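Just passing along the structure, written as structure tokens.
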Amino acid sequence: MQISARNSLKGTVKQVVPGAINTEIVIEIAPGVEVVSVITKSSAEGLALDIGKAVYAVVKSSDVMVAID
Amino acid sequence: MQISARNSLKGTVKQVVPGAINTEIVIEIAPGVEVVSVITKSSAEGLALDIGKAVYAVVKSSDVMVAID
Amino acid sequence: MQISARNSLKGTVKQVVPGAINTEIVIEIAPGVEVVSVITKSSAEGLALDIGKAVYAVVKSSDVMVAID
Amino acid sequence: MQISARNSLKGTVKQVVPGAINTEIVIEIAPGVEVVSVITKSSAEGLALDIGKAVYAVVKSSDVMVAID
Amino acid sequence: MQISARNSLKGTVKQVVPGAINTEIVIEIAPGVEVVSVITKSSAEGLALDIGKAVYAVVKSSDVMVAID
Amino acid sequence: MQISARNSLKGTVKQVVPGAINTEIVIEIAPGVEVVSVITKSSAEGLALDIGKAVYAVVKSSDVMVAID
């Protein structure tokens, strides 16, 4: 499957914290650079996400804001 | 200002494409790794976004999906 | 690629309206049932979206609201 | 109330899974075609969502991505 | 129609800026307090949004971030 | 930090409801007018959000819908 979302950052799962409905996934995309994702618990289980797994953090460009110091 | 959005990726503006309402911003967050953002034209102008400017790509964690190969 | 987004509705492209930055895509997912998507123009071009093409409308479940009459 | 969100898919609630903050709602929009929504628990309670109830899955078009095989 | 989105701020349309695909709507929700919305041009036309019209700015709670000074 | 999100509504925290992964924050932005936000529990803790604290409810304009009666 190829998706329209423009942002796809390669990384490795560092942490998986399951809740009742949602699961928080911490993905390391570069040494010391992490991206946090919240997806449904069933999605996380469906993808068998576990520490060390190679994944992509995917974001639609309309969900990306820009900030300056 | 400190914001709740968990993801804040440091980078440099590589491209600014203004439309009528929205502007597309390409941010390089690592050599060869780009993040694309679509924000309103007035936001882009308000932040004076231009090529070479140091910025952060900011994403709320509930907007981050996870994909596997 | 397998993605965490829980909703993936099979359909056919019925209309493609390109703007400067964004493109509007109308997808028919059942006779008379349409889903409208707004993605970046470059994404639409990258996927070669055109009338008649078989596609999926993909939505993260945290972006789905529920309404009642 | 009439809302700007372009996508409104008629369906029936098939499952309601409450968590501490969020509730997951599974909506059948056609035989065998389901849409999953995550909304706050209080919203789900406020709408008295229960199995069999007629509802709409509502999505803003900027939250719809497009994928191809 | 009653929707799950928790936030519905009453206001008045102050400005309508149409683009090719999207339209920017500025809504005054209190004297001097404005909310900006970007929706599709056809939605704006479908709701006949015009300066002075009474409207609600509607936001799903998972799209609201929190910031501190 | 200055962010591209166009909407920043000043208010006071009225309620904090923590879950396993997400925390619901109720912000009063005017007498009797509340905005509800769902952010990760760690974000809420990182910002030390508590009843009475002065905060901003921040929303990207592409996440704001418009409704009419």
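Just so it is clear, A, B, C, D, E and F label the chains in written order, and each chain counts residues from 1 on its own.
As a convention for this text, a contact is a pair of C-beta atoms (placed from the backbone, for glycine too) under 8 Å apart; a residue touches a chain by one contact, two chains touch by 3 or more.
Treat the numbers as computed from the prediction; the structure is a model and nothing was measured.
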Indicate the lowest number of steps between chain A and chain F, counting one step per move to a touching chain. 1
Could you classify the chain B-chain C contact as same or different, where same means more than half of all interface residue numbers appear on both copies? different
What rotation angle takes the CA atoms of chain B onto those of chain E? Round to the nearest 5 degrees. 120
Distance from chain B to chain A - Cα centre to Cα centre, in angstrom: 17
CA centroid of chain B to CA centroid of chain F, Å: 22
For chain D versus chain F, what separation do you get between their C-alpha means, in angstrom? 23
Scan chain E for residues touching two or more other chains and write them down. 1-6, 19-22, 24, 36-40, 43-44, 47, 56, 58, 60-63, 65-69
Can you give me every chain pair that touches, using the contact definition above? A-B, A-C, A-D, A-F, B-C, B-E, B-F, C-D, C-E, D-E, D-F, E-F
Show which residues of chain C lie in contact with chain A when the two form their complex. 1-6, 37-40, 42-44, 46-47, 56, 58, 60-62
Note which residues of chain A are touching chain F in the complex, please. 17-24, 36, 38, 62-63, 65-69
What residues on chain D touch chain C, complex-wise? 3, 5-9, 24-25, 27, 30, 33, 35-39, 43-44, 47, 49, 53-69
Could you please specify the touching residues of chain C with respect to chain B in the complex? 1-5, 19-22, 40, 60, 62
